[in-house]
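In structure tokens below, several structures.
Look at the two complexes coming up: chain A is in both, with chain B in one and chain C in the other.
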Partner chain A sequence: MKEVMLDCFGEACPIPLVKAQNKMKEMDIGDILIVSIDHSCAMKNLPDWARGEGHNVEVEETGDGEWEVVIEKVK
Partner chain B sequence: MSSFKETMKKITSNPVYVKWLKDAWPYLTGAILLSLFQIVTLATTYNPWGVTGPYTNWGAWIFELFGGSVDKWYYFSSEGMQRTLENGFLADGGSVRNAGLILGALLAVLFASQFKIKKIKSKKQVVAAVLGGLLMGYGARIAYGCNIGALYSGIASLSLSGWVFGIFLFLGAIVGSKLLVKYFM
Partner chain C sequence: MSETQAGSSIRRSSSSRAGSARKPKPNQLPFAILVLLLLIAAGIALQAFGFGTGWYLVTGLIFGYILQRSRFCFTASMRDPYLTGSTLLTRAVLAALAFTTIGFAAIKYGYFKAGLPIPGMDYVVPVSFATVFGAFIFGIGMVIAGGCGSGTLMRVGEGFYMQMLSLLFFIVGSFWGAHDFGWWKETVINKGFEVFLPDVFGWFGAVVIQLVVILLIYIAAEKYHEAKASADAH
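Moving on to the complex of A and B:
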């Protein structure tokens, strides 16, 4: 089980989502992807997509206008 | 100082604050409010809601500030347009509304304490932003409106043109997404 960090600060939608989707393809089941974002719409479309795929998702506010979307790949 | 922190904590954990100011409102709430306010806009200004039109006036005013003149430009040549430019910013309802849009967005983000000045990541981002802005601005004038004036207000006015605009907006978005994935990933 490994943790993968994905820095998407300064990236506007839909780039964080597409980057996360590509990264998830390379990962194994049980791995955790942590996406750093500062674009509020990624806080919605990224968790929406991941939950729709059936992964476990948590969003944490790490600073003013900064979030971490934590996705556990379950399948 | 500690009491200030306590007060802040009380506010930020208050459910009313969280619901109204911190969390994003549901899409449905936004849709209903937009519909109501576009009716107010039409009723008070006798023009449907638009965004890029007033920005074009801002461009003309800025150009005039530097000593330029748009009197001979076809777009600004009509009498009504000349009058709008002469009467100035505060007499142009659309301009005031656009200023409110920017101010409102700033207030919302400050209330939610989510304000951040974002770093520019690469030169590619700058080129794409400038190029995208120019294309959108040019397209909006050629099409007599943007996704608000031409699409939203077009459809709201029961005009076929709004639907036609919408179809090509989708086609453009598909091409744009392909280009984005190709050059930005």
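Moving on to the complex of A and C:
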């Protein structure tokens, strides 16, 4: 199991989502992707997409207007 | 929100979690009170100008608040069906259109019944090639800029610096558009045709037809969503 950090600070929606989608393709089951974002729109669509795909998702607010979306690849 | 709680179901190494320790937050309450007082003062000052400008500020603030809290995004409503196969926001926009159809029809019909001039008829403008072309380039622009008009304003207000750039060129583009609008209107827009649905189908017919069309698009969007989701699962 490995952890992948993805820095998407300063990137507008949908760039964080596309980057996360591409990263997830390279990852193995059980790996965890941590996406750092500061765009509120991505805070909505990134978890929505990942949950829709069936992955485990958590959102943590790490600062004012900064979030980490933690995605565990389950399939 | 429950998912922001510390009780984590995903096991993360402590090294990555330590890096994400919460930064100390300054107390925002004094700023909130200050901004509120400034807004009330601005509202009163604007109202003194006449034209009900103060009320525009109030409705604008309410609209902005709802937009920000609900994470409503017109860009995503058009973009996500292609990108993620999700039509959640598309359907939210369709629902909003259905509600406003009923509301605006009621207001306009009220004026029509009373024999008064119908408000908002300035917005019944010809449909032309400019509509199609303009919508196409606006669509490209809003996806690159990460927001449509209202979305960009809302995110600048949230403090997302990158979109300050979008706002700057949004203003430049608006001025340019306003500058050339006369030419467009004369050579392209006025060659189109003008439709006010109640003139064609009657008031009741227009509302019913519009709602049926919205409903059909809504059903199509839902079917598309399901089809995309099951296609991804296999």
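Criterion: the second predicted complex is superposed on the first by the 75 of 75 C-alpha atoms of A that agree within 3 Å, B and C clash if a C-alpha of one lies under 4 Å from a C-alpha of the other, contacts with A are read in each partner's own complex, and residues count from 1 in each chain.
Just so it is clear, a contact is a pair of C-beta atoms (placed from the backbone, for glycine too) under 8 Å apart; a residue touches a chain by one contact, two chains touch by 3 or more.
No experiment lies behind these values; they were computed from the predicted model shown.
With both structures placed on the common chain, the touch criterion links A:28 to neither chain B nor chain C.
In the superposition on chain A, A:19 makes contact with chain B only, not with chain C. Touched residues of chain A, counted separately for chain B and chain C, are more numerous for C.
Of the two partner chains placed around the shared chain by superposition, chain C is the only one that A:49 touches, whereas chain B remains out of contact.
In the superposition on chain A, contact is made by A:68 with chain C only, not with chain B. When the two complexes are overlaid on their common chain A, residue A:38 makes contact with chain B and with chain C alike. Chain A uses residues 10-11, 14-15, 18, 38-40, 44, 63-65 to touch chain B in one structure and chain C in the other. Against chain A, the residues of chain B that register as touching in their complex are 24, 109, 113-116, 118-121, 125, 177, 180-181, 184-185. The residues of chain A lying in touch with chain B in their complex are 9-11, 14-15, 18-19, 22, 38-40, 44, 63-66. On chain A, the positions that touch chain C within their shared complex are 3, 5, 10-15, 17-18, 32, 34, 38-41, 43-45, 47-49, 52-54, 56-65, 68, 70, 72.
The touching residues of chain C, counted against chain A in their complex, run 1, 3-4, 8-10, 12-13, 16, 20-23, 25, 68, 71, 73, 75-76, 79-80, 83-86, 88, 143, 145-147, 151, 155, 158-163, 229, 232-233.
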